[in-house]
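In what follows, subunit A forms one complex with subunit B and a second complex with subunit C.
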Partner chain A sequence: MSVTTFVTDKAGLQKFYEAIISSNETYAPVEKSGKFEFKRVMNLSECDPESAIDKTMSIKPLFFPRSAKIMKTITTSAGTDVKETVEDPLAGKRIILGVKHCDARSLQVLDKVYLWDYHDTDYQNRRKNTVIISARCDKAGQHCFCTSLDYDVENMDAMDLLIVNGQDGKVYIKARTEKGEAFLKELTSLQLAVGSQQSAEEEIKKQYDAFAASFRLKMNYKEVNEKLGKLFDSPEFENVSANCISCNTCAFICPTCHCFKISDEKIKDSGVRYKSYDSCNNGYFTLMAGGHNPRPVKYRRWRQRAMHKFVYYKERFGVNLCVGCGKCTISCPVNISIFEVVNQVANA
Partner chain B sequence: MEQLLVPTLCKIDQIIQETPDIRTYRLKFKDDSLMEKYTWLPGQFVEFSLIGHGECTFCISSSSTRKGYFDCSVKKAGTVTSDIHNNLDEGDEIGIRGPYGNWFPLEDIKGKNLLFVGGGIGLAPLRSLIQYCVDNRNDYKNFTILYGARTSSDLCYKEEIKEWQENKSLKVILTIDKSEETWKDNVGVVPKILEEVVKPTVENTKVITCGPPIMIKYTLLSLDKLGFAPKDVITTLEMKMQCGLGKCGRCNIGSTYVCKDGPVFTYEQLKALPDEF
Partner chain C sequence: MDYTKQIQEIAAKLFTENTIDIFIGYRMNGFDDNQVPVLITDPKDISKLVFTSKSVFNLTNYLKQEHTRNKRIGLVVKGCDSRSLNMMLTENQVKRDKLFIIGICCEGVVDESGQKMQNCTECVIPDAVVHDELLGTPAGRNDYKINVDIAELEGKTLVERREYFEQIFENCIRCNACRHSCPLCYCTKCCIDQESSTLYSGSNTTSSAFHALMTWSLHLAGRCVDCRNCEKACPSHLPLHLLHKQNEKVIYENFQEHLAGVIPDDRGAFYKYSLKDPDDFIM
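What follows is the complex of A and B.
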């Protein structure tokens, strides 16, 4: 893979985005009531690829929809007819602009569970047909801690293209994967300038250093991971979860939470099966027929949440089930922060 | 994935009322050619769809050595299982996904004495293995089945138990919790009968057990007392499951997926898991 970095300016970047939107199925952060959600866009004016991290929802719904019809059935006197549903609206070739680093990373994390053993082929297709274009944050959000976790935020290849606003006022566009490289080649009409590679690398590094220095939250991930692994019986889980109202917002908004439920509905003779988001914070999540529930109380469910994210997933798949985006903390109605939860339990 | 969550249609060939609240549904694929090709190993489970109502996880309670059908034994316990009992008749159609999960360690138990310890509906997963082993009887040495239930009417598979009792190569010990007028067999809970009546040989024996959590708990203690090594005690876990594919996140105990790494575990493996269940 070549490592060409293109150099342009703010106006050039706008042109770059416009060229992408005009010739591709493009998704980008679109503002609604102060929050940005990734939506299909037709014009650059509709969206803001540099939306603030604190206000931007994750791209998860573009790969794992909130609720999807997966089957329809018709029952007649002749028997039951099962129809697998409709074409996948998310399967086409598409570009996503303005993906934050944490969000891009979340896909690599989800790959592990969705693509082991049985493959989630719909997810796989959506993933294969998508080019991820990432604009690096200039500044960390209030609840961000991506740089404290087990991945290399600076050099990650989770995005196909990386866009960096240099402190010299220039904009650097760099391919991080072969898919990104190929995509850049297709955009020949833009005639992007190739600058001095060395100074480009220096500017990108400078921007990263300033970004990394802006974090309020820092943790020693390895230490927390090791300690938590031995704290299954910690009474601290009761304290950290005491305020939780089990609304599940954290799980629905989390870019790496991937648990789902399968539910069937029936109206007269036609039935529908849905696959929708679910959360381990739900009291009924592990409730079995007959009433037995291994996690009947809140602290056990919170223990599962914290341990799954910081211990179990790592044990099983080698990566952390948290990308440090802080979305759960921002959205929590009672201000529970996963960062504080794991630190408090680990250091109690 | 979406396609993996769509079941294949089966017809209910026969419904057997086992106990007041347990019925066995004998199933055949609507498409005969699928039935011929369908195969599973003892201990595996399926997702059973009552179309339009929902899915349930059941072990297959028969062995693939008996061709042309498979059984699911359903205890009326929750919403969908009640709907199954209340709505389904012979000839009706249901959906099946699977078989999923692992199976009993068939290679490890070859050439060994087998001791089955079952309680209530817990005999269902054991029955699949019992049938398999009865059909390959020469591969095993002594063959003992200890089975208990609360009352005599709660004993599952009564007809089949008679066949087992008539089979001279099997030793069958039945027990119920409290004495009943016409009951001539043992009275007492399973762990007690295990220690006092069965008194199993430990050497070269594999124990396969399944039953309600309280029975399992005390049976494991008894087996420990009798001197069985945890690696020689095999059980199968009941856990809330939905996808059966290692994706939906429901059945995890620590980093273990019960639906993929289980449901069959040795006691040794269970001991290494977080004490969540």
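What follows is the complex of A and C.
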């Protein structure tokens, strides 16, 4: 596969974005009461593809919506008719602009579970039909620690196009996958200049180094992962979770939390089955029909959360479930940081 | 407003005299100038305690949790927090003799950007109403002010209001953080978690959010103390105070200027019945 890098300037990038928005179903970060959410946009002026990382929500809802209709039933005198397939509003061909590294990474993580033994076809279609255009952050947010985790941020295959603001004032647009390459070819009207491969790579590397140096939080992931694996019975979990109010916000905001529940809503003769978010922070998450709850107290639920993120998923799928985006810490009403929690437990 | 030293001294004394098992206060979050709640069980952590105008969270929330039940607790309460504590005492959720309460004469707290919280600018009772020790100089009761947002809301017709709230609730993700952060939502099984219920289905559709939030606000009518824990916890930044303030105003005007939790063992607007109760606002 040939991988091309185009060089342009800020004005060229704006034109590039405009061209994409005008001819495609495009989603991009749109500001609403201080937060950026990924929404359908018609004009570049509505959105900001370079929104600040600590104010931007994840792209998870575009692949795993907060509530998805998965079945419809209609009851008549002749019996109940069940329609298993419900039209999926997110299944069309679409482009997402301004996706952060952590978000792109989270899709790779979600792929492991949603395309595992059972393939979630809705998810699969949404993934297949989406082109991810990622703008790399220039600076890390206060709670970011993505570079500390054991993946190569430089070489991720979840983003189809990577846009980098070079320190030389130029903008580099790099196709990273065949999907990205094909998409760029369609945009021939823009006549983007093909840059020298070597100098472009150097600039992209330089920008990455500056970005990587801006992190406040750094951890030795390998060590934390190994230590945590042996600390299931650590009493420290009780201390770190003491001020948690079990509010679920972290799980709902998290780009990789993927637990869901099924509920039915019925009005008169027609019913809809929904698949909606759920969270292991809930006391009733593991509550069984007979009344037994294997995780009856808060610290056990927190332990599950921390261990699932940093140990279990890695054991099963080979990747870490936490992508280090810091969104949970920002949203937490009592500011609990998962970075602090796992480090505190591992080093207690 | 800085009572860090006094609170540390009192907490140290309580641990030395062995009158408490847990002390609930605030500590710096360790990365900026904001604070997080801390539950101290080991006296050597007392030096972490702070109290300034950044001590925002209503700590009485922790009294409803399973790991603090039946423990002897020392905690810090501001004016609004003390009112929710009064409500919890009235509703037999905590026992007064298990608590050591440090009351604060609050001068108002500020949000993350350093701006005074909206509820503090219209606070009626800034001094802690229940306490074993009171810090600061009591400022006395302020006049009841009508919230500007409520004035705007009341300008709308009922249909417009419904549309307005539907628009707001569209962004609700049904994480229930509002409920969990509320000190007075202490039910172990909440009605909106009933899996068999169609009204409160687990889905995040607007109608389901509408029912859940409306039910929640009505369960807090006459009990809410406007501490805004819910609004601070909401990841979607919904203006949840509109629901509670509107209820508060209706109750204030129709139930002899009742404000929740001001008097100890206050039976609340809806706990007692009087023939003189007005009913002309009931549809």
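In the analysis below, the second predicted complex is superposed on the first by the 341 of 348 C-alpha atoms of A that agree within 3 Å, B and C clash if a C-alpha of one lies under 4 Å from a C-alpha of the other, contacts with A are read in each partner's own complex, and residues count from 1 in each chain.
The definition used in the following text is that contacts are C-beta pairs under 8 Å (C-beta built on N, C-alpha and C of every residue); 3 or more make two chains touch, one makes a residue touch a chain.
Quantities reported herein were computed from a predicted structural model and do not represent experimental measurements.
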Partner chain(s) touched by A:M288 [first = subunit B, second = subunit C, both, neither]: first
First, second, both or neither for A:S276, with subunit B first and subunit C second: second
Partner chain in contact with A:G34 - subunit B first, subunit C second, else both or neither: second
Partner chain in contact with A:F232 - subunit B first, subunit C second, else both or neither: first
Which of subunit B and subunit C A:F252 touches, first, second, both or neither: second
Touched partner set for A:V82, first subunit B, second subunit C, both or neither: first
Subunit B versus subunit C as contact partner of A:K205, first or second or both or neither: neither
Residue contacts with subunit A in the superposition, subunit B compared against subunit C: B
Partner chain(s) touched by A:K218 [first = subunit B, second = subunit C, both, neither]: neither
Partner chain(s) touched by A:N243 [first = subunit B, second = subunit C, both, neither]: second
Contact residues of subunit A, present in both the subunit B and the subunit C interface: 261-266, 278
Residues of subunit A that touch subunit C when the two form their complex: 32-35, 66-67, 142-143, 216, 238, 242-243, 245-249, 251-253, 261-267, 274, 276-279, 283-284, 297-299, 331, 333-337, 340
Contact set on subunit C toward subunit A in their complex: 29-32, 34, 36-39, 57, 61-62, 65-67, 171, 173-177, 180-181, 188-189, 193, 195, 198, 201-205, 208, 229, 232-233, 235, 237
Sites on subunit A touched by subunit B in the complex: 68, 70-71, 73, 75, 79-80, 82, 84-85, 88, 113-114, 116-123, 232-233, 258-266, 271, 273, 275, 278, 280, 285-292, 294-295, 300, 304, 307-308, 311-313, 315-316
Subunit A-facing residues of subunit B, complex: 1-7, 9, 30, 49, 51-56, 75, 77-81, 93, 95, 213, 238-240, 242-243, 245-250, 252, 254-255, 260, 274-277
